[in-house]
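As written, the chain order gives the labels A, B, C and D, with residue 1 at the start of each chain.
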Amino acid sequence: MLNIGVFVCWCGSNIAATVDIDQVVAAAKIQPGVVFATDYQYMCSEAGQKIMRNAVLEHKLDGVVICACSPRMHEATFRKNAEKSGLNPFMVEIANIREHVSWIHKDKAVGTVKAIALVNAAIAKVSLNAPLISGESSVTKRALVIGGGIAGLQTALDIAEAGFEVDVVEKLPTIGGNMAKIDKTFPTLDCAACILTPKMVDAASHENIELITYSEVESVKGFVGSFKATIRKKARYVDEVACTGCGVCMAKCPSKKSLNEFNCGLNNRPSVYIPFAQAIPNVAVIDPQSCIKLTRDKCGLCQTVCEAKAIDFTQKDELIEREYGAIVVATGFQPIKVDKFDELGYSQNKDVITSLELERLMNAAGPTGGKLQKVSDGSHPHDIVFIQCVGSRDCTARGKNYCSKICCMYTTKHAMLIRDKYPDINVTVFYIDIRTAGKNYDEFYRRAAEDYGVTYIKGQVGKVYEEDGFLVVQGSDLISNEQIKIKADMVVLAAAIEADPSAKKVASMLTASIDTNNFLTEAHAKLRPVESPTAGIFLSGVCQGPKDIPETVAQAGAAASKVIGLLVKNKLVTNPCVAIADEMLCSGCSNCFNICPYGAIGYEEKLVNDHGIRETRRLAVVNPALCQGCGACSVACPSGAMDLLGFTNKQIMAEVDAICKK
Amino acid sequence: MQEVKEFKPNIVAFCCNWCSYAGADLAGSSRLSYPAEVKIIRVPCSGRVNPMFILKAFEKGADGVIICGCHPGDCHYNTGNFYARRRMALLYSMLDFMGIEKGRTRVEWVSAAEGAKFANVMNKFTSDIIELGECVKLGDIRCKD
Amino acid sequence: MQGLEKKIKDRASELLQSGAVDGIIGWEKGQFEYDPTPAVFTKETGLDNLCYNNFCGANLSKYLVGKITSDKKFAVLLKPCDTYSMNQLITEHRVNRSNIYIIGIGCNGHLNVEKIKAQGISGITAVSASDDHVNISTIYGDSKLAKKEILLGKCEVCRGNVHVIFDELIGEELQTPKPDDRFEMVAKLEAMTAEERFKFWQGELSRCIRCNACRNACPACTCRVCVFDNGRSGIEAKANASEFEEQMFHIIRAFHVAARCTDCGECSRVCPENIPLHLLNRKYVKDINEFYGDYQAGDIAEQRNPLVNFGDDDIEPTTVSDKGGQK
Amino acid sequence: MKKIALAKIDSLLEAISKDMNLFAPVDNKSTVNYAEWKSGDVAVFDKMTVRSAKDAFFPQCENMSKFSRDQDNKIIIDKLETCDKDFVVMGVRGCDIKAIAVLDKVFLSEPVDTFYAARRDHSILISLSCSKPEETCFCTTFGIDPAQPKGDVEMYIVSDYAYFNTVTAKGEKLISSLNNLLENAKDSDIDSAKVATRDIMCKLPLHDVTTDGWGAGVLEEMFNRPEWEQLSSSCIGCGTCTYVCPTCQCYDIRDYNGSNGVTRYRCWDSCMKSDFTMMAHGNNRTTQLQRFRQRFMHKLVYSPANNDGEFSCVGCGRCVAKCPVSMNIVKVIKTMGGEKL
């Protein structure tokens, strides 16, 4: 029997206020195997850890139970501490009496009883623990970045600069992402293209970066240090190397009726096209949905006119297999569809537009050459109304209950830009709150309101409708507490942003967790904000939650530094809590083999000596470097030959026993 | 007057480390409340939950057993919860076939972000179990007081 | 039947004589008509006692599990339904296909002596069967029973005369019994109230003496050491010391063979207490068919069973426990 | 000699079970087994029970002691009470009566098994003369007279009546307490039935089974016989024969860790099972051949060697009827022994 020590943490008053620490210590003391039990205000503090180390030596402890916060918080801390005192780190178990007890149950008597039950379960489990030794696995010195927007590019550049190879997979024909569509940035009003395109060029020309555009990651297998990804490179029907980006094909293409995605559908583009002038790669792509040759096997004009002979209608999707040590998710965002907001008239009226559409209307490279005009008739607008929080902070099913964070600032930017360029236009902004947390943000907002004469109305808009050739915005002014109607030529909706639809699929593929809004979950909200809970998966940009450009760039850099920190390692310490097959019990039936998601189980013909019977048997053998410790095999095995170290059948049943004991 | 002893059910919750255990942690750090009768056992994955554990819990006097894992498709180990879903569908169906009350076993998918859902699920499950009362059809007589 | 027995004997004799096989796994004549014993025949002389009569219900495929490491070759006599088990054993690497020679033999249904005895008939001295009827002679007088009434449970739901795996066939032209709906009883139980089902199973399982005959005869139960025999498994038990242990053993056993059970019916055939154990396994067969699409364990070798497989939109366990019978 | 109309036998069972536990063969629709008779149960006297009357004295599971902790965390050991109430076992056939004698030799010789002894002391046996032997019966091989087995009370069923003949004082006490239900009868009323039973025994298919060649003193010869291999190759290693056997007496002692302490209990074990007498180093019989041989050598060689020639098989035929693969003691006896000429 082990000598078990039990250490009960008060966590200041976090635990001690609703759990009777003395009772827990007293109850632990009489459990079989417990030779020492004590308590301390903060077990995780250096002083607390020292108490544990001293006790291990003094009482010759070979098992330790820490009754404190969640093991997800400090299990690693106490395991390290065990190691320092010469104890195998896996001889430590945590009883979670904070998140699962003291913070849940306000009644001290109730909380104490439950705490004792959980402590007893941990003691029962640790009694069956065995020392485990971690193995090692290798690291592929190459990273994959999924998404070629500003987040992905920044991460890729930072990793590449550190000397590691990076592949950027972008689903669209060009990198650049949402930022490429933006005209100016807040609060400095500098040109987005001027700061983004150099980064795009840097990425394209960096010797360590490979851009894989018009491609999607199809599957990912493996684990931290050794991922294996399959990337589908979609057929462009244009030879990427041969194409010079001259644009002759675009000019000659007779099929010019496709909506131009880059301009938010405000104008059209040909079937063969380069998304925008600064696109990287600056290579045409053929839209198979509208191309006459590909849909009806006629035309083929582009092929005739292309001097570079780059058009290739026979191109097929191509599958690329690559190995990576780390993967960064930078899938970004999209504005939500606003047609569900019927009362705001987006679908009914061309002059009701979204902010991103406005962004294109004001961009020199946009459909109007940068001239702000009504979409309906091209005339000059005199009154523009902005409506904030369309779908943001909206608890109904059509909206998002979070704040999209960037809209207050970009609307202020738009208002200011309009007033600056067209002083004759009246600009009114309806808002719930103006949120300007950020360096120089509030100053920027005040300038708009005070220096540029933008009218801000605190209130929500009930309805936008057409009357006598004008739009009427009907809303409430919460300050003057009255219903108001404002005539407008254009109405701009600050649509909420949501995670890119590809994020969910990518997260599933990577087994990275995702929240209810399809934003990827970070390993710890505060302490590990750029890592996914899945080892080797990192988060960059809006895929993790709404953020503006500087934040995105900062997070992208942080993710890069985490990736670099991983890739510089030659070996990773593997989790020793892996499956193990008992040779005496295994009958070689392959149930475990069939179920293993990592291909970690193989078979060997092995000579065994089963209590005197010597024979060659087909036995399951687990490769501990591949096994990730999910334990699915241990349940698939009917004989119980397969078990999971650290969570053995007997350990879990011992916990069940302890918990159910009345 | 005879005092009626309030029925305190014994509920075992198997929670996968990556989603539901974290969801339970979130319920705690959000100070949400659910009954203290729910006691959580951490397992790496819902696919680690062996039917033996569930029966063991009933044997030892549990009145309800609930398994919580990542939402299907979001398993940290890709597929563990898919297997768990099939196994538990069959096991629960068998328990029902043998006449054990249906409400005593559940599987719920709770993500790391769903602290509130975790608390709601546990509140609901506990009230269902209280309604069902003590489990008398399963359980070893030698574990009863 | 006698003609078939003769053909089998002749073929067995040839195979042994030629050295094509070292042993024949078949049935050996007993003291009565109804008690042939599965046996390994290694000498031609022993073949006199080889028999194939109306009571050769035993599934011989499991006898090959013990021969997996043998360097000898064995011929085995398998009825159509037994071949499913053989396929499943091959899938699970529990037999060595290369040392097995499968002789598929025809079958027209086998009889259950327990059903004869349940009619109050004892002192049986002889049994002879025609297509529809069975004549039974006893020391207390003779009886005639309809064959349909005394078929083995598994023959009542016969799945036909197709051998899914074989090296050669003998007498495959025999007409198998017309099957009943095999899920009838399961459906009947499902339609009962939970309370009725509980009573039903309590009544049945309370007779269990944990002799392990069901397990040891089951061709799917091929674990080297069963979890119930393994002191380190945490659920080991030698007897049903409480009612719970009856449930535990049978639920876990059914679960462990779920999706692997070919519904061969050996469990119920061998149970000395006549517990209809096959209903538990058949419940799983029915559930699997309903939840995940029709599946027959062992109809082809090397297939992935539904429990080591999954679909994105599988039925939720909670939904499962909400359906089924009444509350 | 007393009698009661079979139609009214329930009233007799009712009367017995009012004051005492009554153990009788009860029909549970699928099988007939000894069970505690309760009002409404159907007692069956013309069919062989699946399990034997041994259950009444040596149940499959039996709690022996309990360990728990007191308030000071000290261990308390409770020895559980042995049987202290009289009970009746009814309908015990000749084979089972003989089997009880075999068990007595094991459990009542030093050191006495107190649990068994207490049950034996408190039991009143009503033996049953076989009226309808089955084809699996071969008790005569072991010198048993199924027509007149000795209990505290002998019971005979002749046409529509059940007759009771008291043998011991215990039996006398029981029968006299039931006098108001019983009619007087003549001793000779049952004579024809006894003759009929003995006649049937001679006609049974297994009447010619003989133990010739078996018994004490043939240990080495029998142990090394080559036939064991062929015979044991059929055996699937279940415990059916053992558990239906009226004389098998092996048990295992185990601890169960419950919520309020540990229960130590014993339960039947079977030498046919692979985990029988499992020890730290493994099992002393590693093959099914060894296990199979052990069981039959015990019944037919070791037992007579240690018990003045008494075999520990009583020819009840239960294993013959119930073996899943129809491998049984008769086939063993015949294969290696002789038959009456």
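Following the convention adopted for this analysis, a contact is a pair of C-beta atoms (placed from the backbone, for glycine too) under 8 Å apart; a residue touches a chain by one contact, two chains touch by 3 or more.
Because the structure is predicted, anything quoted here is derived from the model rather than measured.
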Exercise. Determine which of the two chain pairs, A-D or C-D, is joined by the larger number of C-beta pairs in contact.
Key: C-D
Self-check item: Chain nearest the overall C-alpha centroid of the shown protein atoms
Solution: B
Exercise. Express in whole angstrom the distance between the two chain centres, defined as the mean CA positions of subunit A and subunit D.
Key: 71
Self-check item: Centre distance in Å when subunit C and subunit D are each reduced to the mean of their C-alpha atoms
Solution: 30
Quiz item: subunit B to subunit C: how many Å between their CA centres?
Solution: 36
Quiz item: Cα centroid separation between subunit A and subunit C, in whole Å?
Solution: 53
Quiz item: Hey, what residues on subunit C touch two or more of the other chains?
Solution: 225, 227, 233-235, 241, 307-309
Practice problem: For subunit D, write out the residues touching at least two other chains, lowest number first. | Solution: 256, 259-260
Quiz item: In subunit B, which residues are in touch with two or more of the other chains?
Solution: 51-52, 56, 60-61, 73, 79, 83, 87, 140, 142-143, 145
Quiz item: What residues on subunit C touch subunit D, complex-wise?
Solution: 28, 30-32, 35-40, 58, 62-63, 122-125, 138-140, 203-204, 207, 209-213, 215-217, 225, 229, 231, 237-241, 269-270, 272-275
Quiz item: Of all residues in subunit A, which touch subunit B in the complex?
Solution: 70-73, 96, 98-101, 103-107, 110-111, 113-114, 117-118, 121, 507-508, 511, 513-516, 521, 533-534, 577, 595, 597, 628-632, 634-636, 644, 647, 649, 652-653, 655-657, 659-662
Quiz prompt | Residues of subunit C touching subunit B in the complex | solution = 186, 189-190, 194-202, 227, 233-235, 241-245, 247-248, 251-252, 254-255, 258, 280, 283-284, 287-288, 291-292, 306-312, 314-322, 324-325, 327
Practice problem: Using the touch rule from the top, collect the residues of subunit D that touch subunit B in their complex. | Solution: 256, 258-260, 263
Practice problem: Flag every residue of subunit A that touches subunit C in the complex, lowest number first. | Solution: 584-591, 594-595, 610, 615-618, 636, 638-641, 649-650, 653
